[in-house]
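Data first, discussion second: the structure below is written as structure tokens.
Each chain carries a letter (A, B, C, D and E) given by its place in the written order, and its residues are counted from 1.
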Amino acid sequence: MEAVFYNFMPIWTVMFPIFMSMVIFIISRRSEKLRDGLSVATAVVTFFSVAAMYPYLAAGNIIDYTIFDILPGLGVSVRVDILSFSLAIISSFVWMLVAIYSIDYMSHEHGGDRYYPIFIFTLGSCLGIFMAGDFFTLFIFFELMSLISYVLVIHEETREALRAGYKYLIMTIIGGLALFFAIILTFELAGTVSLSQGTLITAAGTLPFLAFLSFLVGFGMKAGMFPLHVWLPDAHPVAPSPASALLSGIMLKTGAYGMLRVLFTVFNIPLVKETGWDMIMLVLAVITILLGSAVALTQEDLKRRLAYSSVGQMGYIILGMALLNETALVGDVFHIFSHALMKSTLFLAAGAIIWKTGLRNINDLQGIGKKMPVTMGAFTIAALAMIGIPPLNGFLSKWTLALGALEAGAPLYVVVLLISSLLNGLYYLPIIIAAFFGGEEEEEGGHHGEGIPFNIQEAAHRMVIPVAILGLACIVFGLMPNNFAFELSLRTASFLINAGMP
Amino acid sequence: MKDIVIRTVCRVIVPFVQVYGLYVIFHGHLSPGGGFAGGAILGSSMVLFALSFHLEAGAQKLGHETSSYLESGGGIWYILIGLLGLALGSNFLTNRAAGLGFGLPGQLFSGGMIFLLSLGIGVKVASTMFTLFYNLSEEEGSGGDHQ
Amino acid sequence: MSLHLPVISIALLLLASFVMPLLRRGARAAALPFTLSVLGAVFTVSLYLIYLVESRGAFSYHVGGWPPPWGVELYIDHLAVYMMMVLSSICLVVMVYGARDLYHEIRAEVMSWYYTLYLLLLASMIGIALTNDLFTLFVFLEISTISACGIISIKKDRECIEASFKYLILSVLGSGCVLLGVAMIYMITGYLNYDFVAQELPQAIAEYPYNILMALSLFIVGFSVKSALFPLHIWLPDAHSSAPSPSSAVLSGLVIKIYAAAILRLLFRVFPAELFEVVPVLDILLFLSVLAVMAGSIFAMVQEDIKRMLAYSSIAQIGFVFMGIGLFGNRALLGGLVHIFNHALMKSMLFLAAGLIIYAAGIRNIRDLRGIGVRMPLTMGAFAIGAFSMVGIPGTNGFISKWHLALGALDLGRPFFVAIILLSSLLNGIYYLPIVINAFFGVKIEPRSEHRDVPGMMLVPVLILAAGVIFFGFYPGPILALLEQAIVL
Amino acid sequence: MPLLDFFLLSFLIVSAVAVARTRDLLSAVIIFAAYSLVMAIIWQMLGAPDVAITEAALGAGVTTFLFLATISKTQRLE
Amino acid sequence: MEIISRLLENYYYFVSMVLFIIGIHTMLTHSNLIKKVIGMNIMDTSIFLFFVSIGYRRGGMAPIIQPGVEAEMYVNPLPSALILTGIVVAVSVTAYALSLIVELYKQYGTCCANEIAQIRAREES
């Protein structure tokens, strides 16, 4: 009975938001209030539905259920293990907060009737990716999410947004096709693409290598891995800020999730090590880290800087999984958590600032910290966490990653992490310093054209509170080393190392 | 073409040509020829008539409407005869097995329904010829010819 | 009685097509319900035939009760009933649309002729699918050629007339090649029936290798012209883009495919497999199909007229069908064949949606389509589904055919073709998706004054086809099961 | 090769080439009619009388008429 | 030399192939539309000639039932039925093509494919 209930749970958590998005779409013509409330309610219910699966999973069970077969060996199925759960819980958590944040943010924007259904639909498809039981289902939701989130990217419908959106779309299609190729190769080699069959490909060869590369392209595209990151810095800043937070904070992680599955389910550690494919990932990861951090330095636009920072952070995650040992994996999964929290804090805070002041350029933000202390405070915490200042969660993930790198006998990567942290510091600290300590002298000189208007206060409560919660979470998960997220990371890592078998 | 010689000759020839056309149609199962050839002969005789006298004169004998009715009728006739085989409990277009008889050399009404089929084809081809002739001679041409 | 159903359905269609011109004046109103009921009946029959063939296996039918090699034989196997189902279903849906649309594209007097030609076309295509001898094949080939041209030229436009003339000349060239091929085959074997020819050919290879080869190449050239395989496609863009939209839907969706099915049947049942080992016919087909897939997509990218773009896209898609044939493995064939149905669904839907836009807004140019999605959300939504299916997004039926084709190529150890399939999908994405995007987002263009309301009778077929695209994307099982039996090599 | 065959066949080829070469469409059509008649004779000689009859009636007769009607409506010279 | 002697043996085939090529050539290269249609007819008749000559080569009698002749001695009647159909189809296609030509002439004032193409190109630019 219990198993039946839990088999049903993932279907419910995925289909409920998708269904509700239609309801919201219909309702949005009637009443805006109802629409907003319903969106938040859906996100909240979804979060608790995901959380409700925890006891069952914590007991070491895996939910695995095939809904129907499209073709022999190719069906639509759901599967929730501890890795799926980790990603699903953080996604639905951030989503819930962003939903609350959106209410006020979107009241200024046009097209809310379109935004909310898409927003909730994306939640469903994103959870669908994490809870898919096989690569085919994963692929369906992956494409669904990528295509649907296009609407979020171009929401503002400016020329710039449309151009970025077009780039995003083409890259998405390329990624989707690479994924298609990879999946079809896997199917050809293994006869199935299910995630619950253990390792799918055990022997090296040309076709497996092609499959690996295609997977890397397909998921790397989404994860913003060098050299496939080109769409990311264009697409993320042009979206409305809540959407940027999700794009950077959560949706990039679908790529990372896919890569984890590829490394530990499609292939296995001995095979990857033996063939040296991990080197490809490591090299790309290092380039991604350094490039992302370095280019972020040169960006003047606040959201663009954050977007490039995301590229760099995704590099950490790819690096962590490519090290292929348990400690690194702990750091890796924990960094997924941390980055989701930090980056959504940053984007939401940036969004609140832009919403209030209309300023996007970093140089214009002198003294903003005095006007909007809570928002900027959260921003500061998240930025410090990004740099890796000790009591914050960013430090914990980087520390564990560095330990993993040392365990793998590659101190070079520790150096890379340090350099990157230094760069992070270089591009985050000036913002913070200027925000809190700059300002007075600028007001007289005013050589930046427009400064901050005088009458600026904190943004609306429903925007500040989610930002504050996320900022707090950064502290909480960093201060307590045995927190829930870290526990999950430990469990997930050991689960993955043991080849996906509990 | 108002030439008296042509008219007179045609007036004499046309009935013979038509009889020959009918002969070819009806003896399709006995001798060379059949619906296609006979229908074409019949049709050209009518075209000849219309050419030598006048378009209207031809139209009086066989109107445009009538011609296209005949054209469709020929096709329908053919299909209906074919379905007769089914009605008699055998295959489509069945002749022999349904007990309708088999062609005997030299006997006109021995071929069962082949005779009737030839008639259908003959009528259709002849009227198609005539319709085509009209369509090309008159100013308004209808695009869709079919066979 | 049920064994007579195939021939009865062809006879019924022919009968109905002959009756149509008889309906004058008052009776004209009856033409449409009559046509639709005939089409519906044929569709029902095709479904029943699928059941029949599934339950008792393939059977043959001797017209006139004459056994082969003298009589005309129909052979009703899985492939035949599959094709019959595809043809009749799409024809039925398109006719529902066309009944309303055609009144503004062609003159009312010739509507009955349109029905005649349409029914003749369907009858001849079913004939091509069912026939088991070269004689009947040729007869139906010619009927289909003329009626296909007829449903283009019935619109008295100068583009239509010119396009249909071009189409006619090239098609006749194709038929001529086919007829010459038939003559060659008859010369070698003395038979026209597929089974008898297939019996004779293996012995004849040693004796007349060149003649057989020539016959084969003539067949391939002839059918390639008719189905617009790449270098012989030149007639297609004009013909399919200028025709009335329902005609375009049928021509692009069905007519070019039926010739591919016919050549498949010839390769499959008539020519001995040893021949393909000696002669690289299949490789040539593959090569051409790759060219078709790439060239069609690239040409489609530079088009400005939406129907022209769809027409070029058909050239690429027919390449997929031929790729399936050329790969000649079980799974690849399955992919190629299922693509016949899938592409018929999506392309006819796209053409009908384009026709609907032309009808309602009077827009043909792709650049003018901006913002049309706001005014016609359902139509453009259907168009978007079709576009996704063209790209091969999972959950649409386009994915299913690409999946099987790609797997088939991998089965045969030729990943190159998978790359081609993917590249073409990417190109499809590049030219289809901007249309969808511009229709829904971005700079709006002021609507023209002549905007007409979309009649439900035209919208419903489009939505039915769009639903079919999704439905068969998730539930292709029955079709695939049918086809798997059709291609037991 | 019997002489008659030779004559008729060479006539076919010559007339076919002439049809292709001549610039006057009316002459081309008339030559084509002659071509069709000769073709009908050949078929009769080859033991296909029904085909010969049909060709004589349709190919030589009706087709020629159709061509003439078309030419009278369009242009005579190429 | 052997080729030539074989050609001479099969002169009907040879002639029909020559006609086929002349027909196709006329059909594809002549820009006058009426010439194209004539070429089409030549091509069709050449194929019919080929067909008939095959039947002749194989011996047998015309398929007309006569008393005292065994069934095996007749040629298969199917090809001749095929040719009959072919002739009728050729006439229909000719008629149809010619009606299209008349229509084109009305629209463009010319029967020359090249000129029509020029007119269209001018219109588009």
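Just so we're on the same page, a residue touches a chain if its C-beta (ideal position, glycine included) is under 8 Å from a C-beta of that chain, and two chains touch if they have at least 3 such contacts.
Note that the structure is predicted; figures quoted are calculated from it, not measured.
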Contact distance in steps, from chain B to chain E: 1
Number of hops, chain C to chain D, where each hop joins two touching chains: 2
Mutual neighbours - chains that touch chain A and chain C alike: none
Pair of chains joined by the greatest number of C-beta pairs in contact: D-E
Distance from the mean Cα position of chain D to that of chain A, given in whole angstrom: 79
Centroid distance [mean C-alpha coordinates] between chain E and chain D, Å: 11
Intercentroid distance (Cα basis), chain D paired with chain B, Å: 23
Chain D: positions in contact with at least two other chains: 49-50, 54, 58, 62, 66, 69-70, 73
Per-residue overlap in chain E, given as positions that touch at least 2 other chains: 23, 62, 64, 84, 87-89, 92, 95-96, 98, 100-103
Sequence positions of chain B contacting 2 or more other chains: 32, 34, 36-37, 132, 136, 142-143, 145-147
Each pair of chains that touches, named by its two labels: A-C, B-C, B-D, B-E, C-E, D-E
Chain B-facing residues of chain C, complex: 4, 7-8, 11, 14-15, 17-22, 24, 61-65, 110, 113-114, 116-117, 120, 142-143, 146-147, 150, 153-154, 156, 161
Residues of chain C defined as touching chain A within the complex: 388, 391-395, 400, 402-403, 406-407, 410-411, 415, 418-419, 422, 425-426, 429-430, 433-434, 437, 441-442, 474-477, 480
Of all residues in chain D, those that touch chain E in their complex: 1, 5-6, 9, 12-13, 16-17, 19-20, 25, 28-29, 32, 35-36, 39, 42-43, 46-51, 54-55, 58-59, 62-63, 66-67, 69-71, 73-75, 78
Contact set on chain A toward chain C in their complex: 69-71, 74, 76, 136, 139-140, 143-144, 147, 150-151, 154, 157, 162, 165-166, 169-170, 173-174, 176-178, 180-181, 184-185, 187-188, 207, 210
Complex interface listing, chain B residues touching chain E: 30-32, 34, 36-37, 103, 105, 125, 128, 132, 135-136, 141-143, 145-147
